[in-house]
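Next, two complexes with chain A in common: one pairs it with chain B, the other with chain C.
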Partner chain A sequence: MIFQTVLTAMLPEHLLLAGIVTLLALEIGAGRPRGALVHAVASAATVAAALAALWLHASHYSGAPFPGHYAIGPATALAKFLVLALAVPVLLLSREQFDDARYYVLLLGSLYGACLLPSSMSFLTLFLGLELLSLPVYVLVLLAFQRPEGAEAALKYLVLGGAATATFLFGTSFLYGATGTLAIEGFSMAFWSGDPAALSGAALIIAALFLKAAIVPLHAWAPDAYEAASVPVTAYMATIIKAAVLLAALRIFAVAPVAGLVALLPLLSMVWGNLAAIRQSSFRRMIAYSSIAHAGYLFFAFLGAGPGRYQAVMFYLATYGVMTLLAFTALPGGSDDARADRLDSLKGLFHRRPAAALAIAAAMLSLAGLPPLPGFVAKFLVFRNVLAAGHTGWAVAGLVASYLGLYFYLRVIQIMFMQESAEAAGDAGSRRLSWLAGLLCLVPAVTFAIFPGWLLDRL
Partner chain B sequence: MDRSQFLVGLSVALFCLGLLGVIVRRNALVMLMCMELMVNAVVLSLVTYAARAGSTAGAAYVFLIFVVAAAEIAIAIPIVLLLVRQRRTLDVGAYTGLGG
Partner chain C sequence: MSDALLLNAVLWLPVLGMLALPLLPRGNDAAVRALTLAVVALELACAAWLLVRFDGSVAGLQAETRLPWIRAWGVEYHIGLDGLNVLLVALTAFLGPLVVAGAFSAVQRDVKLFHAMLLLIQFTMLGTLLAQDLFLFYVFWEAMLIPMFLLIGVWGGERRIYATLKFVLYTAFGSILMLAALIYLVYTLPWHGGSVSFAFEYLYRHPPAAAAQNWLFAAFALSFAIKVPIVPLHTWLPDAHVEAPTAGSVILAGVLLKMGTYGFMKLGVPLFPEAARFFTPAMMTLAVISILYGACLALVQTDIKKIIAYSSISHLGYVMLGLASASLLGIQGAILQMVSHGLVAGGLFLMIGMIYERCHTRDLAAYGGLAKLLPVYSLFFMILTLAAVGLPTTSGFAGEFMVLIGSFDAAWPLYEQGHAAALVLAGSAVLGVVLGAWYMLWFAERFLFGAARAPHQPLVDLGRRERLILAAIVAAVFAIGLYPGPLLEKTELAARQYQKVLQGSAAAEVRP
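Showing the complex of A and B:
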């Protein structure tokens, strides 16, 4: 029965949609519903969707409710679980800053797009997923509106994002013209055929993905958007948007060979991201440049061969997402957002709130890729695969570039532990939800650090 | 030169014109128009390819593109309005609050 398949295969998406509809109904029915209720509905929908994705993965379900456009298998379900599980701490963080339904409707809508991406079989679904993922985020950047630059950053993000969309569409149109199909297999067919129109189509699609993931010559929107948005939205952009774009890239590159030129720009973005992060004085701008460098490592993993590539990217996304979120949950809040965001406000954090300082330090060391933290295993997997595929020169260059980042990650630790605090004011009091969110990140982080093999066996 | 080749060439030219406009023009509204020009170039090439191949997939794609482009503009215009109310200008060069 086709109805049955549609219901089961798209269960995570349906649950998100149910959350959106409930929130809208509450907004219409109750005028201004209470913040706690709105937050509970949004969190429940996301947790339920994550559990549904986990259940689909555990029961080895596979089905294609819309043949040729949308299909789900155990691996796809796991990718959806990763994205949805990363969204839960973001939602918990949002509670203290946002209590109107609009914010949560937009966030769930964007998550819906992120869920469509790993399942897409044709460029049609992929395009819808990418747009559904990014359109709400333009508004989310603006919605924080704690700073006057918010609208500027949103416009910059929107214009560049719109140009990326048009480029992506032009690429798919060329592939459609050359292969006569909108199926994603057309992408790898283009490489084998050697037809110039198809090849330029593939190049345009790659350029659009690079822009969405903020790879170096196309990264200008990221630092501005990250800085202007509020903490939960920045956390959302740094982890979930990045994960979703990389999952889309995994779908597209499933069988295609990767040329050397594709590795050059990620290498540049590692170098530039790590160097530019050094001179930032805002925490969120620093995280933006760090995420540009990490997008470089992630695309570097595409030099490796098929199955190892999937494993490396998924493991990297999981550890990177968990660790970045851990840093954001431990960040001290404050009434003055621009001041709380300055790196100077972290001065002497260890003497004021030792637990938060230790959590941020662990996250920074893991992002820098030091053993025994999970970030090291993730980087090790990426570079081992690149070496195994025979790209020794690229692997060495990438390793050197990756340790350029050590300086600015260690600088954060130095600021927190070794400098005297300027003033103790500005810290918010009890924040139980932040603690819960931090715990939700800490448990998987410790698990990945102690038993990386346990996760790798499941990928 | 047959007609479909001419139309694809025209769409490439329109796309490049739009991209150039997004990069060099400093007026926020003109930048948005150039973005739309890029999308319209894509639509032209898709329709041409769909007519040549005689398949409907390309034409269905065009409808989705229209819906998404409309949504994008519906988000863009309020942002521009907000900026104009703050800064009293459409010149992107005057928006200097950001480091870039």
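Showing the complex of A and C:
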């Protein structure tokens, strides 16, 4: 029964859609619905979708409601669960700043796109997913319109996002012309065939992915967009968008021998991201450069042999996402957004809010890849695969590039622990939802650190 | 209680203590200090019992625990005592309570975090020493940086942030190359039996191909050499020592530096025996350069902490010389010298901390004739100075003397074959002893004797707590110096094993 397959296989997406429809109905029916209600609906839809994805994974469900375009299996379901689970802390963080139904509709819409990506079997679905993922975010960046730079950053993001879309379509049409198929396997076929048109199509697609994931030299939009957006939107871009794009890359690259082609620019990303982060004075800008470097590590995972790529990318995304979100949940808010974003506002944070400072410190050390934090295991896994595939030179270069990042992560700790707070910064008072979000990140973080094998066995 | 359980207690007690600290009421510093002291004292008791129980006549690991940790990668939680680490574990546990007690009055800011970091570094150092699995070892090795970063950075002196970043960035650079070598070693070389394992004993039995060994050894050795530190990789040490709080200096000099020499002993040489043989002349040369260069620099310092810092470089040069000598006496002496230097340099840093608390300056020119002002302090200081110089009956003598005899022992057959270089090196190392006596005694002369002067008079002599700390160290110094036999018995078998690996089969035939 095809109808039933459509219903079951796409359950997470349907639940998100139900959330969107409910929110729209509330907006139309109740004029301006209460913030708490809106927030509850959006959170409930996301949690339900995440649980549905988990259930699909646990019951080893696999099906193809739209053969050749959309399919789901246990691994895909887990990827969806990862994306949706990471969205829960983001939603909890959003409550403080947004009680507008529009915000949540856009966020759920973007999540819908993120859910489509791991399931795509054709470039058509993939395109749909990528656009659905990005379009709402152009608006989300602008929604927290508090500073004039916000508009500029959103425009930059929109224009470059449009360029990525065009590049992607261009590449797809090249591929279609050369291979006669829109199926995702066409990408790998381009490499086997060696047809110049197909290869240039593949190169354009890779370029579009690099732009979306903010790989040097296509990264320039990220720092501006991250800085201009409000905290939850930045957290969303740094974790879920990054994860969704990498999951799309995972679908496309699958087992394609992309090695040399994808290695150089990600390596440059690590070096440049880690070096440029040193000079930042805005926390979100710094995280943007950090995410540029981490996109580099993530793409390095494709240097490894085909079968290990899924495990490496998923483990990395899980730890990176959880730890980045942990840092954002612990970040002290403030009425003045621009001032709260200054790294200087973290001065002496340990004396004001020891728990928050410790959480941010743990997140920074994990992002830097120091053991015993989970980021180390993720880094180890990626570079292990690269070395095991015989790319010794790339692995050593990548590890040395990752060393460059240590300094700016340590600088955050230094600011929080080793400097006196300049003045009594206007920290927001009780933030119960942030605490809950932080806890949601902390539990998996501790689990990944102490029992990384538990997650590895499931990937 | 079984030994294995006891060893786990030694390792994990600090973690339990660290988790209990946040539960204590805010502002109750006395309770924080008491709890930390109780934890490390209990740990010392367990470690002492294990040291007594350790049987030197049995080869292999004792008090072993082996559990799967990351099954997918073949990583194990594998800890145990052997002849190489048993003394260092005891030393680490011994210094724990002294460090905590020594900081009772010195640290008044962020007391809870300070003690949490002391416990954390205790945990990571013990883990590094006890680990028998390369992955586990690396996790502990690298994790040591985190508490030390905060210890120097939060409670250090004026230039603490510069010093702590320099320390972390120096050591982390070595570690990152070690990580690359570690992954390469485990994953890319042909394996016997198909499964991957990080276990030391497995890796010992399957050394990598000779072509790769030199590179891998170089990566590991760089990491260890930075930690020791061997000249010319030593420039982080004076800054870190000078800026660190007393507790940080004691831990740094007492245990952390030995991680480098321990790494050579436990991993560098046995994992890559052929490369180690190839690099032995270079290691000996650098060791002697460290001895002489460290001593020369110590001679010209005017900051009392810097004198001891540079003397550490010199003293650890002896350890490296002994380890490279491939003679049993030299190797045993190196192990003893590690313990001795831990006690003596740790004690001297504690004493500098005590005078700094009273006078708030480390400038040697500000002091003089302390023997008249602080007789008890001066007595202890003189004893430790003489131990650092290597006076017979102190632990310093036993270690240094054995290393020197060992290096001559190793150099003589080479000289008979026409290679004089080794003999020249051994002779230069003796020159280091002379220099060592010169800078330490000259320092003591300016510091303790002559016209009495000190800032912030009148000075109060050592209190009961301080006397107790120093008495414990001095007792250990004399115990090892007068009667090193029992300790040497415990390490002899492991030292023989190490010697056999370093000599290889070819050299073993030449030697009697």
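Worth pointing out:
Here is the rule we use: the second predicted complex is superposed on the first by the 456 of 459 C-alpha atoms of A that agree within 3 Å, B and C clash if a C-alpha of one lies under 4 Å from a C-alpha of the other, contacts with A are read in each partner's own complex, and residues count from 1 in each chain.
Just so it is clear, a contact is a pair of C-beta atoms (placed from the backbone, for glycine too) under 8 Å apart; a residue touches a chain by one contact, two chains touch by 3 or more.
In this text the structure is predicted, and so the values were computed from the model without any measurement.
Contacts of A:E131 after superposition: chain B is touched, whereas chain C is not reached.
When both complexes are overlaid on chain A, the residue A:W55 reaches neither chain B nor chain C. Residue contacts after overlaying the shared chain place A:F191 against neither chain B nor chain C.
Judged by the touch definition given at the top, the superposed model places A:L169 against chain B, while chain C stays out of reach.
In the superposed model, A:F417 lies in contact with chain C only, and not with chain B.
Under the contact criterion defined above, no residue of chain A touches both chain B in one complex and chain C in the other.
Those residues of chain A whose C-beta lies close enough to touch chain C in the complex are 350-351, 354, 365, 370-372, 376-377, 380, 383-384, 387-388, 390, 392, 395-396, 399-400, 402-403, 406-407, 410, 413-414, 417-418, 452-453, 456-457.
Taken together, the chain C residues at the contact with chain A in this complex read 68-73, 75, 110, 113, 138-140, 142-143, 145-146, 149-150, 153-154, 160-161, 164-165, 168-169, 172-173, 176-177, 179-180, 183-184, 187-188.
Residues 8, 15, 18-19, 22, 28, 31-32, 35, 38-39, 41-42, 45-46, 48-50, 52-53, 55, 57-58, 60-61, 64-65, 68, 71-72, 75-76, 79-80, 82-83, 86, 92, 95, 97-100 of chain B are the ones touching chain A in the complex. Taken in their complex, chain A has these residues touching chain B: 123-124, 127-128, 131, 135, 138-139, 142, 148-149, 151-156, 158-159, 162-163, 165-167, 169-170, 172-174, 176-177, 180-182, 220, 223-224, 227-228, 285.
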